[in-house]
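Next up: the structures, one after another.
Both complexes below contain subunit A, partnered by subunit B and then by subunit C.
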Partner chain A sequence: MAPRRSHAEPVPTATSGGATRAWRAAWRREPGRAAWTAIAIGSLCVMLGAWAWATRPGGAIPALFLPPPGDVAASFVRLVSRPYLGSTFGAHVLSSLDVVIGGWLLAGAVGLPLGIAMGWWRRARWIAFPLFQVLRPIPPLAWIPLAIVWLGIGEPARIFVVFVAALVPWVMNSMQAVHSIDGLLVRAARTLGASDRQILTRVVCRTALPTLVAGARIALGNAWTTLIAAELLAATSGLGYIALNASRTLEMGILLVSMLVIGVLGAAFSFGMQALARVFAPWSRGART
Partner chain B sequence: MSASPPLAPPSARPRAAVPAALIVGAASIATLVVAWQVVAMAGIVPARVLPTPLDVALRFATLAVETFSGSTLEGHALASLTRWVIGAACAIALGIPLGVALAWLPPLRPVIAPAFELLRFIPPFAWVPIAVLWFGASTTTQALIVFIAAFPACVINAHLGVSLVDPILPRAAAMLGAGGVATLRRVVLPVAAPSIFTGVRIAFSNGWMALVGAELVVGKQGLGFLISQGQINDSVTTIMVGMIAIGALGALIDFGFQRVERAWLPWLAFGAKRAS
Partner chain C sequence: MARVRREARIVTRDAAPTPHIAHSAAVGAVSPRDASPAPVPKLELRGIAKTFRTDHGDVEALAPCDLAVREGELVMVVGPSGCGKSTLMSIAAGLEAPTSGEVRVDGRPAGPAGPQRTVVFQRFALFPSETVEGNIAFGLTVAGVARAEREARVAEQLELMGLARFRRAWPHELSGGMQQRVAIARALAVRPEILLMDEPFGALDAQTRTVLQGEISRLRRVMNYTVLFITHSVEEAVYLGDRVVVMSSRPGRIRRDIAIPHDEPWRGLEIEDASMREEFIRYKREIWELIRTEIVRE
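On to the complex of A and B.
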């Protein structure tokens, strides 16, 4: 392929065929670990530098459009040092975590047994699966107005919406996990004299565990995303509430800090669940889905 | 998920014929609707809180011809669809080339990966407040949210599809005298196409969800706006009509994509990753 020219590396003079070939080959090779890290850090620094340069006083981008990195850092300090919108930053974060974990666990308590039953018993699947097929295309966010009319703008409405968002991945993954188990394992267990209950608990649930954990991870991700939207619409605390308020009062630094914290927590959930999968189901080779 | 199991599911009986499952499923849905109608009519909960399915159906018909909050149901749906297509099209146009480039030119990965991974975990709706400040309550704002929701799915699946191509294929092509571009166009992309297409499908579905959220917060038109107006007017029937329209449109488009996928890419879509 034609060599791509970048400013970071010397442009080849390409007088000899060998140099061109080496240049081409370099583009098709994964850089080593050290080079990888160096390029990654360099790329981040360049982006940060470009951000700072473009938003400098008198720069191309006004601070009201995108504040300079220094302002964002200052806003972070301001946010954690003094209460904002009635409570400390920690309390806002806790309020968000409260709802997301509550709704997620509630959905798991309903969805996990339901999904396993739907995967295991054909009749349960026949009855419940079509209902989910009908309800699934409705985005969880579309439930927010209904939740507000039904339950007001308090915490129950948010827990309900998070529950709806998390329920579908819990159910679908558990069902898939149990349903797709190799029938050979079940028959082998039966041949060895295992009862139905033993097969369900000792063979099926364990084999399905990696997929179940993957479902839990997706459910948590959905729950988090949905909660932020719910907090934008109906809340008196939480990170989404901070973000909406900061945008109304044009405190761009605080808005960006709240977005970053939302992103960091979302990433922490995802990586935490992956770590959990490695602890509870070490036999899963890599995380699927 | 894993490859389809070669043996029957553990119920130990042969797979049921489809009609029986269909009958039970239809009966299950019908029971739910009838139960809903009965509960709503019995007056245990006020009609303001839980209208009957019939009320909702009537409201659906009314909204289809009458103007509510600026336009008819079709008008709102059209506004949503326009933003959806604009945002998703931009995400596809930028995301797929980026994903292919990341897989094909490994040195690009460390350049892009840090920023991409940092931003990917910020949910699309968290961008709504800042997008409103940037572009106001406009179509651009909504399309930007759709773009943000759809972009990672395009990049990740294109990257995945290209990097899963058996390295023997490009080498064989090179040996037969194909240059880099020819290999990419004639060998790698066709093999990666199913995964890329799955990315497009996920992008549209993620974008639709995000759009509803964005329309709930800002805007003067669209299905999300319709249900938020239903909430303000305390009209549960309007909310439900909006929800049904959103779900039906989303399902319809996804169904269309599945048909297109089967027609254009009859070989199996493999290893596709859901980026949510």
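On to the complex of A and C.
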């Protein structure tokens, strides 16, 4: 692959022909969708190859440290084909999804209206913002002991921790989304005869929609990462529970599979939310609001 | 028109809104209280003043201003930058409350902002989440106008402003000139009694501006809107205005009120041609002199 140079102009050398120059030009260009996908797959394949090479029999890394890809694939097949720790793999995933979706939606039900209110009415902001400034720096995991005291060890406690983790980004991003609406749009709506309620629903919330969805996406990401941590501490099923158990029994393949599934599902959520934004806010594709 | 001194061709009168006999087609109803032939102005700013309170003390943006716009009249307001033109506009629109004075429409207090007086802003202010059609229909939608009527009026505006091809486009897909056309169509769709324009072409490139100035001039001949139009372009003011009001630098007050008769020989020409005519240049120079002294005074 052509080396990346920091300066913009390609520097022809004596040995580099037209092909090299074309390579460099292609490398500098912003890739199209197809090229982007090709690069992504290529880079993943290279990393997979490096992994396989390093963990090959007699390779640099022993299997106990990092099992080869083949073992991980076998573990995946094993997880999917037979129940593990008393539940099927699907049940484990669903158990995790239950908690994350429940906590995230609950946080949205509270955080979205609250954040919009805080962005729109400055008095609401004066009253509620200080609380969230204090809540924001508390790591969601710090809520686990309190959740256990309040709700015991079980799903409600996990949902609560996820709820707390998702609530702060829901509120903060929704507030920011509404607060950053151009005041001129509000003035224009007012001169066109819109009532305060119509301005809030038809202008403010609709204009803020892409940013509101972005906030929801961040909240979902937070919820997901916190879920796994919550499951490490108090669960009888779920992806985090699988990971913890596998590390205790040194089933490295299973451990890596659970981690990979966590990563893939998180990325899928992120993509899904972006797709949602495109459906609900088709104007945001080109507009940078 | 009787007051126009033909030799000078420039009529200057004091800032107080002396009632004239309207030269436009639509003459407002004569006030029943008032036996004089003076019609009640469509839009009247009575002694409006604005003082902003800041941490460094009060800033007087607008000294008491009186300005009356008759029905069907297009009044241009020019002045040096920072003279409170936009404050004047916000107050006229009902978007800002004056520190003193009042805004009247048809002789009655105007009340808060609403579709009676719509505004075309310099920065277009189109709703990004609405298509061209949705933007134009906005005022009708919030007023609960029935669908058939709404669509008819939107279609009428699309046609009038040459936007039919872009009806389903999003605002960000349009050029600045097209966006401002949408904004004008949106302001007109609710059939306002008064159209307020706040430097509507200030954010456009020179060519687009020229085209839109021509459009406004054309629209004026088609429809007899009452318009208060803020601009920083003297040329635009002379070209479009029935009257040009020159404001002083801060605190803004009305320095001069110049009538520009309808029968000027350059009326009906395109702005590039009109602006080369001797009579046009005379107005322009007169107004420029006033503004220049204001800028120097500051």
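By our rule, the second predicted complex is superposed on the first by the 238 of 289 C-alpha atoms of A that agree within 3 Å, B and C clash if a C-alpha of one lies under 4 Å from a C-alpha of the other, contacts with A are read in each partner's own complex, and residues count from 1 in each chain.
Note that a residue touches a chain if its C-beta (ideal position, glycine included) is under 8 Å from a C-beta of that chain, and two chains touch if they have at least 3 such contacts.
Here the structure is a predicted model, which is why all the values come from computation and not from measurement.
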Using the superposition described at the top, determine whether subunit B or subunit C touches more residues of subunit A.
B
For A:G32, select first, second, both or neither according to whether it touches subunit B, subunit C, the two together, or no partner.
neither
Once the shared chain is lined up, is A:L184 touching subunit B (first), subunit C (second), both, or neither of them?
both
Applying the touch criterion given at the start, work out whether A:A246 contacts subunit B, subunit C, both or neither, answering first, second, both or neither.
first
First (subunit B), second (subunit C), both or neither touched by A:P57:
neither
Could you tell me if A:I228 is touching subunit B, subunit C, both of them or neither one (first, second, both, neither)?
first
Based on the superposed arrangement, let me know which partner A:G18 touches: subunit B (first), subunit C (second), both, or neither?
neither
Identify the overlap between the subunit B-contacting and the subunit C-contacting residues of subunit A.
182, 184, 187, 190, 289
Okay, in this complex, where on subunit B does subunit A touch?
1-2, 4-13, 16, 20-21, 24-26, 28-29, 32, 49, 104-107, 109-115, 117-119, 121-130, 132-134, 179-181, 183-184, 208-209, 212-213, 216-217, 224, 227-228, 230-231, 234, 236, 239-240, 242-244, 246-248, 250-251, 254, 273-274, 276
Subunit C contacts subunit A in the complex at 93-95, 112-115, 117-119, 121, 123, 125, 127-130, 138-139, 141-143, 170-173, 186-187, 190, 196
Footprint of subunit B on subunit A - complex, ascending:
1-2, 4, 24, 26-31, 35-41, 43-44, 47, 64-65, 120-123, 125-131, 134-135, 137-146, 148-150, 176, 179-184, 186-187, 190, 199, 204, 211, 218, 221-222, 224-225, 228-229, 232-233, 240, 243-244, 246-247, 250, 252, 255-256, 258-260, 262-264, 266-267, 270, 288-289
Can you name the residues of subunit A that touch subunit C in the complex?
182, 184-185, 187-195, 198, 202-203, 206-207, 209, 281-284, 286-287, 289
